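Starting off with a structure, shown below.
We call the chains A, B, C and D, going by the order they appear; numbering starts again at 1 in every chain.
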Amino acid sequence: MSAVRIGLVGAGRIGAAHARTLVERVHGAELVAVADPRPGAADALAVPLGARGETSPEAILSADDVDAVVVAASSTSHSVLVVAAAEAGKHVFCEKPAGMSLAEIDAARDATSAAGVVFQVGFNRRFARDFRAARDAIVDGAIGSVRMLRSLTRDPGDGPADPGAVPEWTIFTQTLIHDFDTLNWFNPGARAVDVVATADALVAPDFKAAGLLDSAVVVIRYDNGAIATAEASFAAAYGYDVRGEVLGSAGMVTAGDGASSSMRLHDASGRLARTSHSDVALLADAYAAEFHEFVDAVREGRTPAVTGDDARAAFAVAEACIASVQSGARAAVHPSDAVV
Amino acid sequence: MSAVRIGLVGAGRIGAAHARTLVERVHGAELVAVADPRPGAADALAVPLGARGETSPEAILSADDVDAVVVAASSTSHSVLVVAAAEAGKHVFCEKPAGMSLAEIDAARDATSAAGVVFQVGFNRRFARDFRAARDAIVDGAIGSVRMLRSLTRDPGDGPADPGAVPEWTIFTQTLIHDFDTLNWFNPGARAVDVVATADALVAPDFKAAGLLDSAVVVIRYDNGAIATAEASFAAAYGYDVRGEVLGSAGMVTAGDGASSSMRLHDASGRLARTSHSDVALLADAYAAEFHEFVDAVREGRTPAVTGDDARAAFAVAEACIASVQSGARAAVHPSDAVV
Amino acid sequence: MSAVRIGLVGAGRIGAAHARTLVERVHGAELVAVADPRPGAADALAVPLGARGETSPEAILSADDVDAVVVAASSTSHSVLVVAAAEAGKHVFCEKPAGMSLAEIDAARDATSAAGVVFQVGFNRRFARDFRAARDAIVDGAIGSVRMLRSLTRDPGDGPADPGAVPEWTIFTQTLIHDFDTLNWFNPGARAVDVVATADALVAPDFKAAGLLDSAVVVIRYDNGAIATAEASFAAAYGYDVRGEVLGSAGMVTAGDGASSSMRLHDASGRLARTSHSDVALLADAYAAEFHEFVDAVREGRTPAVTGDDARAAFAVAEACIASVQSGARAAVHPSDAVV
Amino acid sequence: MSAVRIGLVGAGRIGAAHARTLVERVHGAELVAVADPRPGAADALAVPLGARGETSPEAILSADDVDAVVVAASSTSHSVLVVAAAEAGKHVFCEKPAGMSLAEIDAARDATSAAGVVFQVGFNRRFARDFRAARDAIVDGAIGSVRMLRSLTRDPGDGPADPGAVPEWTIFTQTLIHDFDTLNWFNPGARAVDVVATADALVAPDFKAAGLLDSAVVVIRYDNGAIATAEASFAAAYGYDVRGEVLGSAGMVTAGDGASSSMRLHDASGRLARTSHSDVALLADAYAAEFHEFVDAVREGRTPAVTGDDARAAFAVAEACIASVQSGARAAVHPSDAVV
């Protein structure tokens, strides 16, 4: 079977990681081109990997030797790029979020649907081995009916250096969006009803005036009665931390262990498990698996494991969180077509 | 040094556990009497332990051979019993909560203070080895300044059989009260400002009409900016589960492991850690340690590690939760003297 | 039921720990006297605990107010003391080993048997919660028939400061004797057939000439075919380490976790479990439990959970190890009556 | 850089796993041909992977489009195939052991050396993340000087169905050979001096007469004084189990955790970590990493991380084990050139 020829839009941190993952770990994918408007950025990434650099996404969208586009540009351009790729007949993998509003995500979802191309969104935890095992246990009934859920994301470091570079509601739309999708996925068939969000700038209080919140807890109610908590912080000194937990009527599943390996170092201070300080390291296998899924979906002409509807459902929760922070009160999750 | 002679009020489940702990594990304590109004209950517990049974608490409060009273009766009588014991000049250990309202707790606190007797409240996690180690690490500065906290309590089983036997807001006043105290204690010097509570009857939906909520998540904001989450469920099929976690600017501490020992059984299904299905088993050492603290405080004539002010501060959060559930909105934690 | 009145012989490190455990944690025991020949040593330990000090063991053995003797003197005097105590009609708890030769242990065993007194030997792991749970799983058939076993003991620190103070074969008779008993106990009904021991002075090479070995591995074959490994070191920088493992035809059990609590401290270096650097801390509950067993056996007039035969069976393995080190070859475990 | 074109000899269980790993996970490798004498076996494996099948290894050794050969045939043919490949100017990756005697391994080592081709042996643990992290810690001095080591390998299942299909000393030459290499690698610069091996047929006693031992413990002394234990069993009901541990003067490292992911399932029986029952699953990343190393060494024309000398050093221990079992005594590890 011939390889799926991929054009990558965006040679930033995650774009570069995706390029290397595609080349080194994704059998069936062939990276043919990388686009980035910053002078030299695309070439610097692409050439050593055997691909060509471009300075505009259009060069990729119009290329005959590109079957599928991976969108890893800035979030504000996601929706426009997905729509353009779809209209060019390319399959699309888009980093989360698929847009900066429900309208943008709808546009992306509808354009890919109309074009009949594969559209997958980058919710990486769905491909992490432990999260998948947890979800499998839930679906298999091992914990009974779902009652209480938790999902957590913490970035290492001390938060963003430049608040101006970060969109205002980033903690909801860029970070917790992962947790919202995880929670939706861990609660199969259920739909988020409302949220109450508590957020602050605890890491970088000076940036609060600029609209940058770096710490948040969200409580979500689902239409099957389940209550979920999502939590995020932009500064975990101990490493990148991604966890999930679901309590059901018959038991509990947990996922997430920041240890970088099962090696333990014992010295006078105790027994130490070294942790991962990078999402790319912690989630390396998950990134490879999500692109395997994308390549397989393209080859098999089928719906991928993460869809535009999933992107919409997660973003609807984020949008409600913004409303909740603004009002200080509980906010309904966007209405009728959150899950179509 | 002579033993502290103890009279126990209440021979129910926790009273019986306390009696055995006092007799078997608390050096310096001597159980002399047990009171319970149910015919035969006090004798059945007391006599095999070398103590006498009484049918009324008054017999204990007025006994010359009783130095200190342990109150493990129904919560509705806690405050009255503490006040009466104080007025009789007895030191008092009272199971949580110390009353069913802030007014009741104030009465207990003020009466013991006026009488100059020791007054300790049964927040057992303060004496669990892992929770103490976590608190020590926090106080020692090992995790920097506190930003995000979590505390969780889950009972095994399927919830209460008889909702009529359970006070209406039990999940806040009896169960999460532990978590509220833990969170306060894990955030030294800070004070809870407001809460938003989400609660439901997910375990026993039929009891909801009777006012019995069995599942809850509470988000608390503190005056140092820290954001805490407390969560409880009355049904954890896998055992009794008590956990805490604090994220600070320099790291994180966690406490709580439901495993009943470090034994692991490996068979074809995997590696199994057996869990504790009883709080008395899980917290056996903590119960012994809290009574050691009580006995030491009595002997040394000093303030114990858990005070009436702590009881008040935790109950103030519970009261705010009730207000939040009733209004559906965020509720302020009771005003000025929450921490005196 | 009246308390068992206990006289302790030996106010050294472990004697002191046992005294405190008896007083503070063992319901039903009453420490009445402590003997130690070093001037002031017995008083210094006994008086604050409400007991009297003596300078000779005879004062305890002949005391009318002593029901039972706890022998925690130097190992070379164990057997003589046990025999004398038995002849005085006292029940005896003796620290391991019960003697410095099979003949000495036989003397102790036979004297206590003839006197009809309880005789328990201090194999503490039998009372550690995780080791007990492992043994229960084995006996319950959870792992099928026993095939491969491992037991390990490591002391923290850098080995003994004064090799002259340590008997020549200490690593086998004082340290690995625990592991030999654990392995026998984990392999119910089986009997050690032969051993091959490998030992050296890796911690303190200069002491090797003085006959002090500080590192050893022993492989034991049992008459049911099972193969066991026992390992010891006198210097574990990371803490006191006691572990066991049994592979059976249907699974495996493991026991032993040096973590001092389930608290985990996460900082930039990773996730840290603090370890116990003291056997008294690590095995505190086991020490209390072994004395509970002793007191119960005395009160009930029954054989305790660890007997003279167990002491003999473990020492027979130690003796074979010495022969193996001396010959460099495999050595038979002492013949016919190793287990009577 | 052009891909390294690989011919695989052997389409059995591990050959098939290697073929898939090479195709799916090893960037820079191109599987061009597979040889297996069993009718259809090579085609069945090769064709779906885009390679051609051959029935004789010679067809691969003489192929112009093959740069490097992966030898995964039966162990008895390893040395002959390596020599032939070297003489044909092909780089060689050979599954362990590289021969069935030191003479065979010397032949393989010398032929590849003379031909100037890369020669790597399949000691997979060197590429497992946790084992590498342990070795790095050792080399970095984190545990001080090495004193006591342990390595363990257990296969799931009930041992081989057909003892006739298994070479007589398989447990040493095929299974523990991994542990011997791990121990050598964990003890940098040291050399095994002698061994004493204890082995039996505990899993399948009926096969003992046929020379099949399935359970073994080996104690190895090194010339730096370190004492190591290697243990193996052909039947671990709970899964594939590979562990290592090194005690040094300043601490300890451990590696190995059979859990298939960090997911934990909690139900009434406790907290379960599911285990891996397949070496291919447990060591999937290690297999990919060892082939990455091979491809890199070929491309860079350098010595790979595992050499013929390493193969020799491990096999010398295995050979000494056989002598030890035969004599029942300690046996010297093969003399002067065990490490050249």
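Throughout what follows, contacts are C-beta pairs under 8 Å (C-beta built on N, C-alpha and C of every residue); 3 or more make two chains touch, one makes a residue touch a chain.
Here the structure is a predicted model, which is why all the values come from computation and not from measurement.
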Smallest count of steps, each to a touching chain, taking subunit A to subunit C: 1
Higher-contact pair (C-beta pairs counted), B-D versus A-D: A-D
Subunit A-subunit D separation of Cα centroids, rounded to whole Å: 38
Between subunit B and subunit D, centroid-to-centroid distance (C-alpha), Å: 56
Where subunit A touches two or more other chains at once, by residue number: 236-238, 250-252, 259, 266-268, 274
Touching residues (chain side subunit D, partner subunit A) in the complex: 23-25, 27, 129-134, 137, 142-143, 250-257, 259-268, 274, 285
Contact set on subunit D toward subunit C in their complex: 143-144, 147-148, 150, 154, 196, 198, 200, 202-203, 205, 215-217, 219, 221, 225-227, 229, 231, 233, 235-238, 247-252, 328-330
Of all residues in subunit B, those that touch subunit D in their complex: 237-239, 258-259, 266-275
